[in-house]
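Here subunit A shows up in two complexes: once beside subunit B, once beside subunit C.
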Partner chain A sequence: MRLEPVANPSTARRLGLPALAIAATMVVAMGLALLAGASPLATLGQIAVGALGSKLAILETLNRATPLIFTGLAVAVAFRAKLWNIGAEAQLYAGAIVTVLLGTGALGGPLVLPVSALVAMLAGAALLLGPVLLKTRLGVDEVVTTLLLNFIMLLFVSYLLEGPMKDPMGMGWPKSQALIPEARLPRIVDGLRLHWGFALAILAAIGVWVIQTRTALGFEIRAVGQSPEAARFAGMPVNAVLVKTALLSGGLAALAGWSEVAGLKGLLSQDLSPGFGYTGIIVAMLALLHPLGVVVTAVFVAGIFVGSDAMSRAAGVPTYIADMLTAVALLCMVLAILLTKVRVVRG
Partner chain B sequence: MPEAEIVLRLDRISKRFGALKANDAVSLTLRRGEVVALLGENGAGKTTLMNVLFGHYLADAGTIEVFGQPLAPGNPRAALAAGVGMVHQHFALAGNLTVLENIRLGTERLWARGVGAAREKVERLSRDFGLSVHPDARVGRLSVGERQRVEILKALYRDARILILDEPTAVLTPQEAEALFATLRRATGLGLSVIFISHKLHEVMAIADRCVVLRHGRVVGAVDTHATDRGALAALMVGGELSLPRAEARAAGAVLMRVDGVSTPDRGAVPGLKAVTLDLRAGQITGLAGVSGNGQAALAEIIGGLARPASGRLTLRDRPVRDWSPGIALAQGIARIPEDRHHQGTIGDFDLTENAVLETYRSRFSRRGWMNWRAARRFAEAIIKGYDVRCPGPETRIRLLSGGNMQKLILGRALAGGSIREAPEIILANQPVRGLDVGAIAYVQSQLIAARDRGTAVLLISEDLDEIMGLSDIIHVMSQGRLSPGFARGTMTAPELGLWMAGQKFESAHAA
Partner chain C sequence: MSEIVDILISASFWAAVIRIASPLILATMGELICERAGVLNLGIEGIMVIGAFTGWMAVWQGLPLWGGVAVAMGAGMLFGLLQSTLTVPFGLSQHVVGLGVTLLASSTASFAYRLMLPEVTSPPKIEPFRPLDIPLLSALPWAGEALSQTALTWAAFAVAGAVAWTLYRTPLGLALRAVGENPAAVEAQGLSVTGLRMGAVIVGSGLMAVGGAFLTLSAFSSFFFGMVNGRGWICVALVVFGGWKPGKALLGAILFAAFDALQIRLQQTELGAVLPYQLFLALPFILSILALILMSRRAEVPAALMVPYNKGER
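Presenting the complex of A and B:
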């Protein structure tokens, strides 16, 4: 068996294979349910109902998608330039810390929200600046540095929550003080849990798309990602482009932390992010790094998580089935994308 | 002599790409022991035809017979099994493996037994065909010519009886090309058949038995080589008479750029520059002759902004250059035609529009950071029209273009000016006609002459002495990183330049 490139993949190939990937994901899901001792079809049904079965469920899915859109965009932007930012998790927490610092009384009035968003973005951007400068100046691999920063940041957050930022009234729990009301993102519709962070995430996706397709910077980012050598020869400031990309990416990831704190949780705790930064990588890859695609795949992945939560409550199947499903979905999709470009021949 | 058996028969092959007919009912036969040259302008459909034969593309119509048997379409395995071997212009070798490993790769499992037998076979083949390479050398370390020998060995190892060579000499030095021809003569002597694609008509005359000429995807002529000449072939290819432009002598203007005592460190086997001093004058074509790999790349990098001299300096319009980068060089009116059009000159997955504005997107095609894609597209369309770039349209990804057409786009981009200034003041043309057809060569050369006549300083780096002598107002020769004195037009003969290229004259000039 060997692989052979397909010169011009047909439309059927390009659409059919991803569809097949989704079907394969479902089959694996049913297999997992069977292993866990539940009825496969019922399990799938419960996931779907749990994610989309009611207004409440849908809103919950969209809420869960919000930070994933931001981290997915952060990854998509960086990966376009072949800047491997694996540190969206750390940048998310940097944004969250800033949001709490500014939102618990340091600032007041209507400006708190925009100011905290801006400063959060700066914090996230600053966090990625180090790795990118190490990369451009000394050639240090950013995969390693950004990944390590995730662990450093998690430890830093637990230090803050056990020490300087610990809520004195928190009965000893490691969590921060709650935000003042002005520092919180309002809900889109009164009485429903969905907050404005979701709308902003969609705006951010459109913004990134416009940057990529309509601006000179977007052109540079794509060129540097495709061929740094040709970009340099054409006179593009390759290193400056990488730094700008990093700032944009870090800022977007930080907005995930900002919107989670200001829109949903209202405070900083160690479980603020169940790995949104890492899941953002899956979201971005599933979307083939397309910013508008990120919105769709973020909602899809969020739906699997929310649906699996509901299903596990109903059927007693462990929740980490959601992690497995997203992983399987990613693997199937990557395989499907590969198979649109090459075919397997025998011999 | 009785006619030898027919080993390959292509019958009315047609292949479209969108609206473009790349091959239009092309028929071709190849006999045992014969070399057939496939000729045609850039984009005529030569590579496409060979890709159909080798199974990379599925033909829309037509059939192929190899040794009398129909060949399954769209299957390179079948082509290989039938005895067809192809050497692509862009080699597909793994640089970190050895020659032997590369040859066995894809044929046998690398861990399978029989390495000894494989080595014996490779050694026997390289003896029989005069393809000297060391089986244990790492391919990444080999020169272009050696890599090509590996590709040919790989085809022979798989028992190819029909060899397809797509522009094999485009990247070879004249000596390497001679060695290749010796190999091909031995191969045909042993009963192999060869399809040979080249734009260099003197090579075609030297090696081919027959020529098949394509134009716009159709066969427009098939002639025996001994019954024709270069002029007739060229006329067949372009569909009319053609003569290469020769520049008339002309008074040069002021020095625009001076390379002043510049040295660079050696890079492995490639020598660095040794105190090179060179003036580029307005309205003058400076020819730089020499076998490639003698420091031309280092000089081009310095002039184009990619590198700085380790010692010595660069002055631009009498001012010493301090900050130096490709962007600054462009802004200073230096246009570059790079040697490596695939890695430096273009981005393969970008379309023609994006590639056309790669250097000027900031200065000409955006305002306050917003791209004006409509203007960019118009610019690309103007280049396509003005330089006769054969392609389905400006939204085609550039890697799908034939090599020559890619080069025309780069040329159009460069001559339109790299900076906000309308036209470049200095043109750095590094092997500008490599891989171009005769018509395109004439066109490119006339454009360089026209630029000179407008007062542009042109530095022409080329291995082709005819080109250097035909165009240059002043000729320098580079050898081992050293630069010869400048010789005015008409004061040097080709053999004399050859002595300089071989490095002998440097010694005697030194001794004197």
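Presenting the complex of A and C:
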């Protein structure tokens, strides 16, 4: 077989194939439900209801989507420049550590939140700077270095929580002290469990979109992503663009940690992120690396996770179905998007 | 210092080194085959998880140990088929597909585990491979203890030899290496680039899964979540460290295992009392990054690594 470009893909092709990818994911979901001895349609329904069926469920989904928007943006920004930042998980924790360090009494007053957000971004950016410099200077593949840094960072967090950052009043649990009230992100509406982190995540998405479409940097990032050789030939400082991309990406991922700590958890623990950094890759790819699309796909993916938790309690299908479905959706979607642009011919 | 020397000359230390190296050797050889054929397989981490799970589950269901190895290999090959279908004929991003396969394979293992053992808090144990008793060799004073290893370890070394022999001494190996360097030339010889690359990824993934199964069938006797714990990514680094050559990659895996075995033992010395244990646990990952930096200038990357091939283009 051979692939041939499709000159002018029809609307049916451009919309139908992604829809088919989502349908395929739902078929897999029903198959998994059958395996677990549950009713396929009821399982799908329970996931949907669990994610969006009540005000409480919707708020929970939006809360879960917040860190995914940040990590999804981090990945989308980097992947656009073909900078393979798989280290959003570590950068998230870097942001979380800084937020706790500054928010437990080191700073006071109204400045705590903006300062901790800024310093968190710097920490996340700094963490990605190493791998990107190794890539531009020595040609070391950033996929492996950023992946390995995730493991190093988790061990570092474990060390901090059992050592210098351990809450002395924590009954021996490895967790940090709680943030002071001024360091917490308030709720958007009193009494509703949704914090300002969600609104800020949407603002961040708009900000990234503006950078990508309205600034020289955005143009350079796209050019470098399409062809580094051509960009270099056109006189673009390719390495400098990659470094700037990395700083932006690392900073965005760190904001996920900042908003989780300041908005939701109020402290640092080892289970702060159940893999938000990795899930961010799925969120970004499903959004075709479009920053505004990331908001939509983050809510979609968060809905699958929140809905699956609820469904699992009711129907007994293991909650890991959510991880499987998001992975299946990712693989189906990248294939579907490709097939909107090419057709398979024999020979 | 004398403590370290004592550790380094003890037979039990080298027995541990060879044991720790075994899964790394298997998975590194698997990744090396894929990359020599031009495909970066980032599914490795998840494929090791699925290998660890399926091998263990098969044995727990009553299959013999080698049956468990075969089941693990089959499961790995299945995910290799998925990875290679998407990356070779369709030419999709090897980074994205690889990570997707890792997420899918490891979540499949978690899902199946919970499905088959819904209420279990500690996983059931199986009777793992026992160290082989080899006439004469086992009787030797120092080497006898260091080489007291399971059949799966011996198999890992045999696999490394077989991979090296195939790559450099057979027409198939020549074709595989060529397909990673210049696929158009291979196509011109009338060979199928797609077939060679898919075959390499499928076989390589099978080996990765056996590397994962080593953990449950030989090293430990149960399956735990997170037991692969980054070993797959370390193997990707080992392939680079070994300059894409099986012999050097094998030495890299042993060197790496030596550091790993050393850090476990150092934790029990005075050093372990002073330094946080997390630093010791982070050592393998730090070393992998250092190895990548060290080899960055020298490595000879297969020219067509990560470059999809579409017949009729160029």
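Methods note: the second predicted complex is superposed on the first by the 340 of 347 C-alpha atoms of A that agree within 3 Å, B and C clash if a C-alpha of one lies under 4 Å from a C-alpha of the other, contacts with A are read in each partner's own complex, and residues count from 1 in each chain.
Here is the rule we use: contacts are C-beta pairs under 8 Å (C-beta built on N, C-alpha and C of every residue); 3 or more make two chains touch, one makes a residue touch a chain.
Predicted model only: the values in this text are computed from it and were never measured.
Aligning the shared subunit A places subunit B and subunit C in steric conflict. Shared-chain residue A:Q226: touches subunit B; no touch with subunit C. When the two complexes are overlaid on their common chain A, residue A:M236 makes contact with subunit B while staying clear of subunit C.
Of the two partner chains placed by superposition, A:W173 touches none, neither subunit B nor subunit C. Looking at the shared chain after the overlay, A:R214 reaches subunit B, while subunit C stays out of its contact range. For subunit A, the partner that touches more of its residues is C, with subunit B and subunit C as the two candidates. On subunit A, the patch touched by subunit B and the patch touched by subunit C overlap at residues 2, 347. Of all residues in subunit C, only 42, 82, 86, 89-93, 95-97, 99-101, 103-104, 106-108, 110-111, 114-115, 118, 194, 229-230, 233-234, 236-237, 240, 276, 278-279, 281-282, 285-286, 288-289, 292-293, 296-297, 310-312 touch subunit A in the complex they form. Partner subunit A is touched in their complex by these residues of subunit B: 56-57, 75-77, 106, 304-306, 325-331, 336, 338, 343-350, 354, 358-359, 361-362, 366, 369-371, 373, 418.
Across the complex, subunit C is touched by residues 1-3, 32, 35-36, 84, 86, 134, 138-141, 143-145, 147-149, 151-152, 155-156, 158-159, 162-163, 278, 281-282, 285, 316, 318-321, 323-324, 326-328, 330-331, 334-335, 338, 347 of subunit A.
Residue ranges of subunit A in contact with subunit B, taken from their complex: 2, 4, 7, 214-219, 222-223, 226-227, 229-237, 345, 347.
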